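Chain IDs A, B, C, D, E and F follow the sequence of writing; residue 1 opens each chain.
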Amino acid sequence: MSARDHAAWAQAPRLPASHFVSGLVYTDPDIYAAEVSEIFGKVWRFACHESELPNVYDYRVFDHAGQSLFAIRGPDDRVRTFLNVCAHRGARLLHQPSGNASRITCFYHLWTYDALGKCTGIPRPVGYEAAGLERSALGLREVRTRVKLGLVFINLDDQACGLDPFIGPALDNLTSVLGGVPLEVFHYNRVVLDANWKSWHETNMDIYHENMHVVLRKTQMKAMPMEDRRLAVFANGHASSGELQAEYSGYDGFAARGEDVPPLPGITSTDFRFVDLFPATAILSRGTVVRIDTATPLGPDKTLLEMRGLGIKGEPDEHRQTRITHHNQYWGPFGRNVPEDMFAAEACEAGFRHGAARYQIIAREENLSGQDDAILRAFYAEWGRRLGRRPSDPLASHPA
Amino acid sequence: MTEAPLEAAGVRQLIGRAGLLLDDGNYDGFLALCAPDFNYRIRVWSPELAKDMIWLEHDYAGLAQLFAALPEHLTRPGRLTRHVTVASVDAAPDALKVTSVVTIHHTDLEGCTSTLAVGRYLDRIVEQDGELRLKSREVQLDTRDLGIGSHAPL
Amino acid sequence: MSARDHAAWAQAPRLPASHFVSGLVYTDPDIYAAEVSEIFGKVWRFACHESELPNVYDYRVFDHAGQSLFAIRGPDDRVRTFLNVCAHRGARLLHQPSGNASRITCFYHLWTYDALGKCTGIPRPVGYEAAGLERSALGLREVRTRVKLGLVFINLDDQACGLDPFIGPALDNLTSVLGGVPLEVFHYNRVVLDANWKSWHETNMDIYHENMHVVLRKTQMKAMPMEDRRLAVFANGHASSGELQAEYSGYDGFAARGEDVPPLPGITSTDFRFVDLFPATAILSRGTVVRIDTATPLGPDKTLLEMRGLGIKGEPDEHRQTRITHHNQYWGPFGRNVPEDMFAAEACEAGFRHGAARYQIIAREENLSGQDDAILRAFYAEWGRRLGRRPSDPLASHPA
Amino acid sequence: MSARDHAAWAQAPRLPASHFVSGLVYTDPDIYAAEVSEIFGKVWRFACHESELPNVYDYRVFDHAGQSLFAIRGPDDRVRTFLNVCAHRGARLLHQPSGNASRITCFYHLWTYDALGKCTGIPRPVGYEAAGLERSALGLREVRTRVKLGLVFINLDDQACGLDPFIGPALDNLTSVLGGVPLEVFHYNRVVLDANWKSWHETNMDIYHENMHVVLRKTQMKAMPMEDRRLAVFANGHASSGELQAEYSGYDGFAARGEDVPPLPGITSTDFRFVDLFPATAILSRGTVVRIDTATPLGPDKTLLEMRGLGIKGEPDEHRQTRITHHNQYWGPFGRNVPEDMFAAEACEAGFRHGAARYQIIAREENLSGQDDAILRAFYAEWGRRLGRRPSDPLASHPA
Amino acid sequence: MTEAPLEAAGVRQLIGRAGLLLDDGNYDGFLALCAPDFNYRIRVWSPELAKDMIWLEHDYAGLAQLFAALPEHLTRPGRLTRHVTVASVDAAPDALKVTSVVTIHHTDLEGCTSTLAVGRYLDRIVEQDGELRLKSREVQLDTRDLGIGSHAPL
Amino acid sequence: MTEAPLEAAGVRQLIGRAGLLLDDGNYDGFLALCAPDFNYRIRVWSPELAKDMIWLEHDYAGLAQLFAALPEHLTRPGRLTRHVTVASVDAAPDALKVTSVVTIHHTDLEGCTSTLAVGRYLDRIVEQDGELRLKSREVQLDTRDLGIGSHAPL
């Protein structure tokens, strides 16, 4: 058999159910709604880096599960997070993406809140006395917030397990990189992709598409054979690799890289490590710099992608410039690597839209070496567990 | 404030031509308009970080390497149309400082056009061997969501 | 208690049900559909001002409940309104927003209609004889139309009560202003807001957000204390205030206002009055000028807003120029007041979208003085009555 | 009776059910979904002209029923069509609208396919051995493809009848025009209309709207009386007319037409013929040139329209230039005729949207002469047959 | 029809600079380019009323008051990018009459750009103390839906 | 590369005025800027056919006929705003060759504006009777989806 007719095409691959995924996971609106409530509404999710809130009362606004939130550093130096809406008539409270506010005043009728979410002022409160409104019951909605290795995580689900049990050992290979010295975000960009959030995150979970990137073909392919690369998968859908290598001399103009600025703690200039946190955060380090990217679903075929680049806080200007150069070589809107992954995510979206592509195959088994699909399988296993659906057949009647 | 008319015309010509050449993917042509010590930079203000960011920076050689590498990269299909209008020309001791407003449209493979980015070109222009040359260009983007991004300079 | 966790946030306020509104009224698609059919499909709604149709056969096209309509002045000088679609194959009939047409000819196959909606011509009618088509049965759909104080109102519901019982006394405090001398529209602009129509109309129903507007803080706050301002609510969801005051000298550049052109009949240059007509029309007068605004829902989060400014018909040029200046000081796309209300409407939309904000509180009781929420409560009572839903819990099973 | 009230307006016309169509056929989302699956998913549909694939391995990408497909000429010179998605992880395979590819390589992980749709290569296949993946089962989805008179047709339904029985004699009056000498596409443009696909196709099925086009009023009206024009309807919803005439001297600047380049085989320079193929393709010839247009629904109110102009393959340059001039006089984005039809399609869309227009009347009976609605009735009869719905009442419970 | 080249260059410079200054919110800088009897007006044709409308009109002092008041107002967040191209320059007895085409983009706080308005600037330009100055500007907007509107001149 | 300043100013003036006249539907005014042997052409590259296409072509008389016929045609309601910036001016033996970038916006009857098309004007300009005249214009459109199309030249 060569090409397939409709019947053959529509048939599920003859593979174990864990080894393929239905295209419906990218397009079905009910599945999307379930993802928003059952995954994004319940997991710990990276919100921002603590260096974005260096001072007391610094705040940072961001989107999560369709809603606007803000993280703010309180007078006790603790970072808390709140829904960014006024308790009075629902107006958005903070309008700038970042700032400093010892008191948060709603522009509309001037209700005020403090950095702990307490409603501290209502103009002419006497008007509410007849109805018996209590100001003490009018605080903001606080969202659970924990900081780990400088990463601010939040969770909309007050009943979810703690951050540490959720992460488990997934971040271990970046512990010294992220936590060895204080880091600082020097790059931030956001872009709305025409792709499902998983199509994007898959570009971070599959390293055997290296051939797609000329810059990786030239700097990574020969630096370490696929067979020697080691992947790790963890509980809760996370994964990582701590032992990848690059030879920057392979790409014209990158040769200087590695000698011109010290690497981050516990990593060398040619090491390449990454961690994928379920559901949609990836943290990567190429020795001298760190990238963090976070996907926020906006619809089955729309995803907000936020990308950060980090260097060492307080480092000399020349070091910072060099790290920025290193960052930009691969990452950012003009990097040699990242735009190609976005292209891939959008191309998969286009393939599954309206049911042309039916299944994707994640059947590579290579003992957790570089070409294994194990990370993708671990991700979809967790996805299925949280939604109570089989990724291979997600519209089948759910297991009871 | 009045600019010398001869220079003004030449400057508009140089900036205009540079835009056409980039649109056409004629990178050799573009480089031929640049001085050997040319510096290219994309600068963007981040209201999130309250900082300026550099998203791309190259000297002449780096830019030439980038242009040479483009055919091997997977890039956004379609075509860019840079609409550049010179807004001010100021004399400075070593170069003319020229600020232009730029609107960049992208036309996809299906022929549909959308606005990709708006911003400014801050150029320094010098005379070399009787010709005006770009000594530096800083692209200041107002637009920060550039879709899948770009390997090529804007 | 200061900030709230999810459970506390999701809980309905401990207030009488009339004193708070669920955010679902702004976002739920079924509620939106019900609003279009049960409210906008059944109420009298302001369409345009009669000065926009000064001559026989003048017409004016507008949108209502998702459909295009046109009002036209007939040879008997009466204004009638029709759906703007051809009886043949459904093509839109009139394409310009206004004009003059003694005969309305459909561009497609040249069927013609007169200003009474009668089908007056079909090319080559013999073709329809076999099927027995009667031209007399092919008139346009006429929509009930009444003019009151120069305001043209329409109603899609042929069974609804008359205009006068619907309005009741709500327009009384503007009777002389609107009806004392013939007025004329000199300003018209339309804008599509990213907001629910009610979020917009609320900016006209709540006057205690005056602090939001620097121009009102400076010209109104001290002109009359909130306690002395009187609000009135009427049957069918209307409301008004006839006793507000402004001191224009409070704002740089506005001082001349009031001495430079005579006020409209029955009002002084510093009086400020407004009427809110259910569901989404507001008429305001600041002594020398009138503003009429009308919201037309386009979707749960899209609203067409039309704004008019009126002066005295036939007045001298200098008077008109001055009235335009007065209009523009507060109103229009570059006014000091109106863009801020649009900002507020969009900010509330952003707050309720995707369920971040859960409830809005309309619990102020101040004896119908300026800070009372009575107008909002009257509006939502009427809203609930028409939809058969409780605003505080609109997805609960409907009362039988 | 002149104008109508709501009850009269909402009532179905007193005509045979075949003689009017409910506006719901243009707007109802369920009807739209049924059209995509039951009509576009099952008919033979024009994809492109064989001159667009002159050489072995030439391919042409196009959209159909929401999906991307490509036609490619195989080494055996046969044209085949495939869904444009990779069997691995669903990425879009071909990104340019046309090109030449002896081997199709997916950009993402470099799986390769040949022009027969066979999967010819998977990098490092050993990774799939454990799971037992067979490369032979991983070919592309082939879609039935037949070429007739140079027209490439495809059918997504493997069980549908053949192309010839589907077309029947509908193309007969263009047999010599299309098949007499090899033709070549010199014009192609695509546009997304804000209209239902049927509103567009109706402009090709109704020739009595000639009055709408000044260019037709001047060149066709007098060339042949409507009464003398003959329409033909065929099984499966097709129709044609082979006996229309034009007098090009009627329109300023068109007089030269007809003497400056030879007509196509079997037609004169002043003949005008057209064929409407169900569901949404029209082929027209004005003696010296051919136009083919194809509508692809993108949504109830969005339609992709593709328009082609054809001349004689290999003809001298001056002939080609003249044919292009002839083409552009009527057709293309700047033609005197086509933009007006697009205007009409969008104006009907606007009329039916949100239910303003309720019915369209297709009741003309004129013995299949030019003003007869027979083509429209034949189209809607086939439409109803395929959907199991009555066009006059499409949401009534379906006949069993 | 030919414009004097010196004036043409100066005019382009003046118009160009004025656009950059407004984009940057440098209102003092903008006012410094205006003559003391400057008049600013936004004129819009209403097809609904079949009338011209004035949406904003200020003299120099009124404009200065407006600029001074802006910080106290709630305004559209984000940034405007005015792309202005001089289209014609005509001599008139008292002033140069200059018509420019203007496209104004808005970039929101998230970095997404959309077209806010298109239209023309009709400027009258005079020479005062050896410098060209704006004597009047009439903004003729084609776009009438301006979203939430604006307190600042376009 | 430097253009003669006098010519540059006149060229910009001519191109600028031509755009304003077309926007205003002043077709007589536009024709008055054209030489008697004027040729107008819209050329579009089709990536589908890998060919150039001509979508409209007229000489002076044909264009005049087209303009005269416009009132009888059903056309896209609303207004076009052509934003044209001269990018390069080159001397050629018989004419100046001028390339401009053009962005065309459409504003519908409700006052909403969208981008209709982007592309270039390739003009040849000659001097006749002491005035600069358009000898030919080739519109090279990047945008291929033009909505319902147009009877009038872009």
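Please note the rule applied: contacts are C-beta pairs under 8 Å (C-beta built on N, C-alpha and C of every residue); 3 or more make two chains touch, one makes a residue touch a chain.
Since this is a predicted model, take the numbers as computed values, not measurements.
J.: Taking each chain's centre as the mean of its CA atoms, which one is most distant from subunit C?
T.: For subunit C, the chain whose C-alpha mean is farthest off is B.
J.: Sort the other chains by how far their Cα centres are from that of subunit D and give me the top one.
T.: E
J.: Roughly how far is subunit A from subunit D, going centre to centre by Cα mean, in whole Å?
T.: One centre to the other, that is 44 Å.
J.: Find the geometric centre of each of subunit B and subunit C from their Cα atoms only, then give the gap between the two centres in Å, rounded to an integer.
T.: 48
J.: Among the residues of subunit C, pick out those that touch two or more other chains and give their numbers.
T.: In subunit C, the residues touching two or more other chains are 95-97, 107, 189-190, 192, 212, 343-344.
J.: Among the residues of subunit F, which are close enough to touch at least two other chains?
T.: 5, 8-9, 47, 74, 83, 85, 103, 109-112, 115, 144-145
J.: Could you list each pair of chains that touch, in label order?
T.: The complete list of chain pairs in contact reads A-B, A-C, A-D, A-E, B-D, B-E, B-F, C-D, C-E, C-F, D-F, E-F.
J.: Spell out the part of subunit C that touches subunit A in their complex, as residue ranges.
T.: So the residues of subunit C in touch with subunit A come to 1-9, 13-16, 19, 23, 202, 206, 208-209, 211-212, 226, 343-344, 347-348, 350-357, 359-366, 371-373.
J.: Under the definition above, what is the set of subunit A residues touching subunit B in their complex?
T.: Interface residues on the subunit A side: 52, 60, 96-98, 185-193, 212-215, 251-253, 324-325, 328, 332-336, 338-340, 342-344, 346.
J.: Which residues of subunit A touch subunit C in their complex?
T.: Residue positions touching the partner: 65-68, 80, 82-92, 95, 107-110, 114, 116-119, 123-124, 126-128, 130-134, 136-142, 156-158.
J.: Can you list the residues on subunit B that touch subunit F in the complex?
T.: Touch list, subunit B to subunit F: 5-6, 8-10, 12-14, 16-17, 19-20, 79, 81-85, 103, 105, 107, 109-115, 131-132.
J.: Along subunit C, where are the residues that touch subunit F in the complex?
T.: Touching subunit F from subunit C are residues 95-97, 107, 189-190, 192.
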